[in-house]
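For reference, chains read A, B and C in written order, and residue numbers begin at 1 within each chain.
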Amino acid sequence: MQDPETTVQTMVHIENLRKSFGSNEVLKGITLDVAPGEVIAIIGKSGSGKSTLLRCINGLETFDSGALKVDGYPLVHDDAKAMRALRQHVGMIFQSFNLFPHLSVGRNIMLAPTLVKKESPAEAVTRAKKLLDRVGLADKFDAFPDQLSGGQQQRVAIARALAMSPSVLLCDEITSALDPELVGEVLRVVESLADEGMTLLMVTHEMSFARRVSDRVVFMHQGLVHEIGPAAELFSAPSTPELRQFLSSIHD
Amino acid sequence: MRIELDFASILTQWPLLLSGVFWTLGLTAFSAVIGVIVGVAFAWVRISGPGWLKWIVGSYVEFIRNTPFIVQLFFCFFGLPMLGIRLSPEAASVIAMVINLGAYATEIIRAGIQATPRGQAEAGVSLALSRYQVFMHVVLPPALRKVWPALVSQIIIVMLGSAVCGQISTPELSFVANLIQSRNFRAFESYIVATAIYLMLAISVRALLNWAGPRYFFGGRRG
Amino acid sequence: MVEFTLWDIVRNLLLAARWTVLLSLVAFVGGGLVGLGLLILRMSGVRGGARFVAGYVQLFQGTPLLMQLFLAYFGLALFGLELSSWVSAGFALTLYTSAFLVEIWRGCVASIPKGQWEAAQSLALNFGEQLRYIILPQAVRIAIPPTVGFLVQVVKGTALASLIGFVELTKAGTMITNATFRPFLVYGCVAVIYFLLCYPISFYAKSLEGKIHARS
């Protein structure tokens, strides 16, 4: 297993990434470098490959060719130990939350640190409580996921991912499954993470949020990075007709 | 025509009946524990094992589920000695019961695992849990909860099926009933008492397992 | 000692297997008829009817089939009837089958969404008509795979009839083992023959279930 580079200029390095599902090429050569602390919003039509790209970064999907390095760790799919080492530095938040229904909120957050990082239960409890407080759910430690609203569950999911102290957080349409009135509480937590300097890659449909919070926006179209640039520029002056059409179709 | 039934002569043999009950419960408990472990392991194989192993486990499951338990038992007790494996009646009974329950448990648990949403396994993987940890901590508990009633029912079925083990002289309840009636010629009464005891055992064991499951095996909440 | 060929053994086993098949069909058909009656009783609203059927099911599902067979054999003998093992086995297996089938069918009827009943009621059909034209046709469709699947349990159950002297496949296996001293081979063949009888039924039941799920 290669040693991670000691000075990390690039947090996420993607070079010419290609991925096909059967005969359908979903990623046609993605190149992207993400600096530490950068917030990247990935937008585009469904089917443009956004989620697939995100899932490649933590290895939930394998890619066919190209290079991918996260925080100095290359993706070596056959090496389970290497993948586990990588995943301790990358956190993922899912559209459908994926909380563990048989565990309380507190134990959801504690599970990975105790099993993977071998933290003592006492340490894990303290950390879990702190994180719950951070996402505004301090009193929900003993509650179970089915007792919480969607927005609360997603915030627990964020706390669970943060418990592993990742360097990068991947957010895969994390508000798409929420009722409109619950979206705000989740986005507020994400914004505070961005303010603290977390490197974020978000696939999102929340355009005004993306515009406000991200450093750069990536517009994906048919498996390629079609446009990329600072948020203000991209939204106010889209240079390609595809992006213009996409933005006009989103009523935000 | 008056039929005279004499239950007293059976009930005075209660120490013997009690020993039969202990044997039945003991055989069942032992086979249930090992059978469920076998079921978990083989369910894992059927879902994520290598192709050739999947085929072996699948064949074992189909063969056991499509042949009678008594034939499996006779094969273990009478047939295996021809290969040099001599088993006591008790050992043959347990082995046959484990082999039998294991096949059914494999299918039941496999259905439970496949009903657990994939997203939860992905969340576990994303948290850097190993495959084994994802299986034991994220996938298996909700699966067990979902299929617990079916699993308990199957354990009861195996317990009732163990009555056949008396035919190879395992000293369980049906053997005891046979023994009693051979001495006092009260066959009908003897079997009625044994049947009533079996019914009480079935009800109690089911209640016990339904209580123990959420407590000890898969957490108290919806999975 | 007379040498027995494999074919001798298999031939005798297959001849005995005829009785396995016959007893299974008798129990299955008989059990189906009794089960149907019990289902009607349960749904008729007769006082105590549902409770009786529930108790009946609990009794047959909560006790060993072996005990049921012994009780049928020795119990019927008490009434002074010298019955062949055929009648005892057929009687016991019929009742056993009826209990499991009525429970399966009850579950299928219960799985019909309440909305179907309400729609039928709103069309001014009486209870019998609701059952006959709306509920039962749907319930029957759902019930076919598990009912076919239970036939496998009946076939396996006939093996226990050997213990009250009924000469079917398992009993023949025991007798041939005693004659040939080759239990590994004989019981192996017995198992294979049961498998050849049961597996096609299991497979068919599974394919039926697949078809039901594909349509819904």
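Heads up, the rule we're going with is that a residue touches a chain if its C-beta (ideal position, glycine included) is under 8 Å from a C-beta of that chain, and two chains touch if they have at least 3 such contacts.
Every value quoted in this text rests on a predicted model; they were computed, and no experiment measured them.
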Review point. Measuring centre to centre with C-alpha atoms, which chain is farthest from chain C?
Key: A
Review point. Most central chain by CA mean?
Key: B
Study note, to complete from the structure: The larger set of C-beta contacts, choosing between B-C and A-B, lies at B-C
Revision key, fill the gap. Expressed in whole Å, how far the mean CA point of chain A lies from that of chain C is 56
Point to revise | Interchain centroid distance [CA atoms averaged], chain A/chain B, Å | key: 46
Practice item. Let me have the rounded angstrom distance from the C-alpha centre of chain B over to the C-alpha centre of chain C, please. Key: 21
Review point. In the complex of these two chains, what residues of chain B are touching chain C?
Key: 1, 3, 62-63, 65-72, 74-75, 78-83, 156, 160-164, 167, 174, 177, 187-188, 191-192, 194-195, 198-199, 202-203
Point to revise | chain A - residues contacting chain B, complex | key: 58, 60, 80, 84-88, 90-92, 94, 96, 98-104, 111-112, 115-116, 144, 146, 157, 160-161, 164
Practice item. Spell out the residues on chain B that touch chain A in their complex, using ranges where they run on. Key: 117, 119-120, 122-131, 133, 137-138, 141-142, 145, 218-219, 221-223
Check your understanding: Taking the complex as given, what residues does chain C use to touch chain B?
Key -> 58-59, 62-68, 70-71, 74-75, 77-80, 152, 156-157, 159-160, 162-163, 170, 173-174, 177, 182-184, 187-188, 190-191, 194-195, 198-199, 202
